[in-house]
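Take a look at these structures.
Next come two complexes, and both contain chain A; in the first it sits with chain B, in the second with chain C.
On to the complex of A and B.
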């Protein structure tokens, strides 16, 4: 039996958690290459690739935190089950995280914080989601009848339970992509916010075309060679269109919003996607002991939430509210970052977030700032593409961005800093700052 | 040894009929012909269905037992051929040995060769080994040895061969619920449409009280519970004991404290009664 690693030593002095590496499987379009793959299959594959790349087979890491947004009830212990199916030591503890689209980044923050506090010396953060193998629940009436039948002890009770069966109960419950409190889809929410901020169709299509072109270029120069492991025959993100242009995107018909002002199309909105990602974090000492170079450190993180329920704020505007806290704590300006990753839930999400930071009125009235946060140099934004091109398997996006940004910063040089911004259902946002080691 | 190379996987139902119709009067030595398929491409849909039915994680890695189902049609072709000295109907799968030389994936193009060897006496009849060799680019990557028993006049002095180790004792590592349709599900994947697996009625016709699970399914299911340990270079030895009647619930027992893992399935009602014992060794 393998011996346990020596226990982490809790410290009153926090240390910075290191981002050592990442791995994901290529993302696939809904009902595409991974149509029959489960969340557990994909998360296991992402972890296995990470383990293989960093020589961690049989290793007991401090903790694995990951999650999925669309989750079957049988996957109550998804991450632990994936660990048991991986080559990691079966003595590696794990837990599930769920913060909608913020899940993956939140998981990295949680693992990073435990490392910072000295509670663990290493950990893996990840996420997985499938829009294809979605949980379909049986009709509630049927469910109740079946549960009654299951509880029945006598033939009479069983017969009685069966009399409750109705043909209409055959209609299943399919999960819908709507906010439970509003009944609006995320796209419909975003279309409202985009209209409110006067975001143009052209600006959105430019973001989308750049995303595809940048992601394709990154693949071409081998940027993802040590970040992506093929899965089920898929070697690149299935949604990626290297030949995407603003002209081609302009031909698409809007799918969200209504009438004249509708600007959001299938091209400038992320498609439903399947995939998984994982990130390896650790203390500098742990990385050194394992002969693994450190790419970056997790410097700080911030979550925020907005009250979107009655329409006071846009559903996906929370990251705009998180940033001032980070800037104040770090004594930084938005313009100080060398790279900025804003998750492209929709092209309009990126544009409204940037517009809000540029708006004197918004920064004053909503954020309580004396001056606007200001303009971001677009050449620093999503330089290797983002979710519009790669796709967005909800919980897998955070891990994708953390690993990519850590590598990009490492390439830029020691001390360079990057910002991550991810919006999430329920009016939430998660942000983090990385700094190259 | 001569080699008969097939361009595609033989269709099994006609072969089973042929084997049944030509079972009488078989005698003599084992055929000197090996049966081979070259450049076998793994059908990912079939692989995933196999992984699902057997409980492996879905993905690109070929499970420890997967090449067996690729070689099985060749085994049937070889045994159905008139040159094979034992009648195919009634052969009992007693043991199976597998060596995975390296991790195999759905991207590997496999050359699969099956031959028969080791016709030998057994206390309850005669044994024969069907040997399956899988190569990629001329390099051996997987070996299988399926040992079948033809019941008949036995030889009390026959060498008993390697005996199964005792099943681990104590509480089960898990329980496996085997549904009534398990035999049909595995038959659809493996092509092994032996009536004893398909339905209670067809099994009764063959003298069984109920349908029984395929031995190689119980083996695969047990190895799936040990995953990923059989995925990389490893060797297993399986001994099939009492059949698993359908439907039923069986207990999984595992002892992985020593270098050679011992695992198996046992009856819930009678833990002393093993259905399957396997050892799994890794270099």
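On to the complex of A and C.
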């Protein structure tokens, strides 16, 4: 039913944005089940599943914010185009967000903040990425030649421009998972940090095996029945290996780092993945008006960035820096959280982050704290699996975690709190706190 | 739907050949569309003696702007005949039916309707009246086989004192909603029907749950219930979630990914309907599977899964859905049986068991004093050959035989089953409970 919502009432007192529900499509390995799907196909599917689950067909929500990390230039309005292809009212505004792997969580924070300020009453945050349908571009030399040709006004100028064509310019530009300022892949960066912190192969493989086993168990008990909608014949994450064990993972050859100290394998690093996710947020009133449950509230959020270029800090260490701000603002300790979700970009990312918080030296010298943040009870960490098992379509990971954590907290009971930590390219980190309604 | 055979015999050359060979030619059936008149053309209304139901039907048709006639003038073509034989007590009186209907048959318009109204033989006074009343069934079914061009014949048996409850059945049978209902008996009994404010939205304000709503007949049920005004909770297994989402978004309902065999399925459906939509009025137990094998080769897994999905899950869900605090008073439960549950089917002992069991369940629930007191109706449809993705995979020859072995010489559409279910779900139809209505085009199987 097409309903035109009342305009949101701006309030002088911020309110807490509610996480109402989520939806994602199963994640697929690069060139796997979604090899021919576009970002728009996947984001639209994620939104459609969300709309169906919450009975929002024809509804105008306040705003949809979503994005992709690997993006074609034609997708300049990806989110709005996906909304137009969905069952939402065509009068639903939308915009694109891009903050590398932090995109999905950042989108949720943006929508949540607008709800908190009373600028909108409801919104959808999402993200999508395809490593299969990659935006291959023309060679930079060819691009310059073509632009010169386009600017040429006389036949002579055109002829001259064409003399710059070279056979080598036929080689296309393929996006690579590489930091532009260091030329190193994310894995290579992580390998340096892992070595620096003395993270062992065994510890990484334990994280990876637990991720697969926990995710498989969550699927088995139906945890994802109201979080995932099948897509293109895929009903579960393609990367998931329910029978994964430390012993099997130990057989893999390292792919990042060099020589003796190399510990990072294809098993304890996330694979390139295709997928999309979406989260429904709103005010408590909006949820009640629509007969929808509130799973959790978005309590707080923090971003941080580190100088990884000069080598002072590891590329994926920014979340370690974001946490103290959150703890101080909320008057909390790390140990107060009932659940913690640390995105498994690599198993080593989780382990270095935890090690940093346990390190008196790091907490004192880098974070300026009097005492270390301390040890996290591992039984609270990524209890239903994370990116190593599910896969990591960059911009879709935030939405996956927000929706899953909100449901987990809801199951734990009112007042329980959870922390989300996501590292991102460019030395950035995004964090958020959810509290069960 | 036009199958290969229908395409050939309705082509220019094929039609001529079919006529010469006396082959059946499937007609294009008149189906309901929103805003369509109840029926186009005059309706012959008459009957025996006082014919109290005929009078009632005449008033109804006048209200709907349909012309009625009491006899067929020479050369006149009527669209339907409503023959009230409720007062028939002795065999000789049946001739009134012959005299009324016979002149109308030759000129009956395409997708015409013969509706015969009688009394239930079980309530007869004496042997002669019981025999006379039951005779109407044989007449109706035989007329059904005589009719051509998509016309149907059905019998409505009205209990004494329930004449006021007959309107919904007459409306249904005259309309395109009953396109594939042929040669059937509908029993109308006590109950307190509530007329809708708008007959185009007979389910307005109602909350319905449809299991197995992702595809095929289930998706069509969701479509029709929503078209008739209901808010639809669409349920299917998580693995069918993408199709389910399409159904839910198309009908403006909600998608609920749930395996109906889960122990808590009933409670979760009730909670969902209550929290999202404020309650539950209509339950359509449509989810079902087939795992065919000859009994000689049937393993325990195939046996158990079919019985549990098609029947066991319904029994479990009903414990919650039909308890106090479940479906609201005056609500409606519709189950899906099958011709296989009536006639049996080779290789379908498990499926036939479940679908016959559904009929047993309808019998018991509709007689349950508590449910009767709450005004909850319980009925079932028994689809015949319906054109779905599933039947499209049946081998060509078997499929064509399935299509042709019925009085309408064609398969039905999912929407035909859905229309009957939506009709069972109307508050206006409160007098109809305990019915198992075949939507089969008067199939020869199990007839």
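By definition in this document, the second predicted complex is superposed on the first by the 411 of 437 C-alpha atoms of A that agree within 3 Å, B and C clash if a C-alpha of one lies under 4 Å from a C-alpha of the other, contacts with A are read in each partner's own complex, and residues count from 1 in each chain.
The criterion applied here is as follows: contacts are C-beta pairs under 8 Å (C-beta built on N, C-alpha and C of every residue); 3 or more make two chains touch, one makes a residue touch a chain.
Please read all numbers here as calculations on a predicted model, not as lab measurements.
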item	value
Superposed partners chain B and chain C on chain A - clash or fit	clash
Contacts of A:231 with chain B and chain C, given as first, second, both or neither	both
Partner chain(s) touched by A:58 [first = chain B, second = chain C, both, neither]	second
Partner chain in contact with A:85 - chain B first, chain C second, else both or neither	first
Which superposed partner A:49 touches (first chain B, second chain C, both, neither)	second
Contacts of A:117 with chain B and chain C, given as first, second, both or neither	neither
Superposed model, chain A: greater residue contact from chain B or chain C	C
Contacts of A:293 with chain B and chain C, given as first, second, both or neither	second
Chain B versus chain C as contact partner of A:37, first or second or both or neither	first
Where chain B runs into chain C (options 19-27, 109-117 or 235-243)	109-117
Set of chain A residues, in rising order, touched by both chain B and chain C	1, 45, 48, 87, 230-231
Chain A residues touching chain C - in the complex, by the definition given at the top	1, 45, 48-49, 51-55, 57-58, 87, 222, 224-226, 228-231, 235, 291-293
Chain B partner contacts - residues on chain A that touch it in the complex	1, 36-38, 40-41, 44-45, 48, 85-87, 230-233
Sites on chain B touched by chain A in the complex	44, 48, 57-60, 106-107, 227-228, 257
Complex interface listing, chain C residues touching chain A	234, 238-242, 244-246, 248-259, 262, 275-278
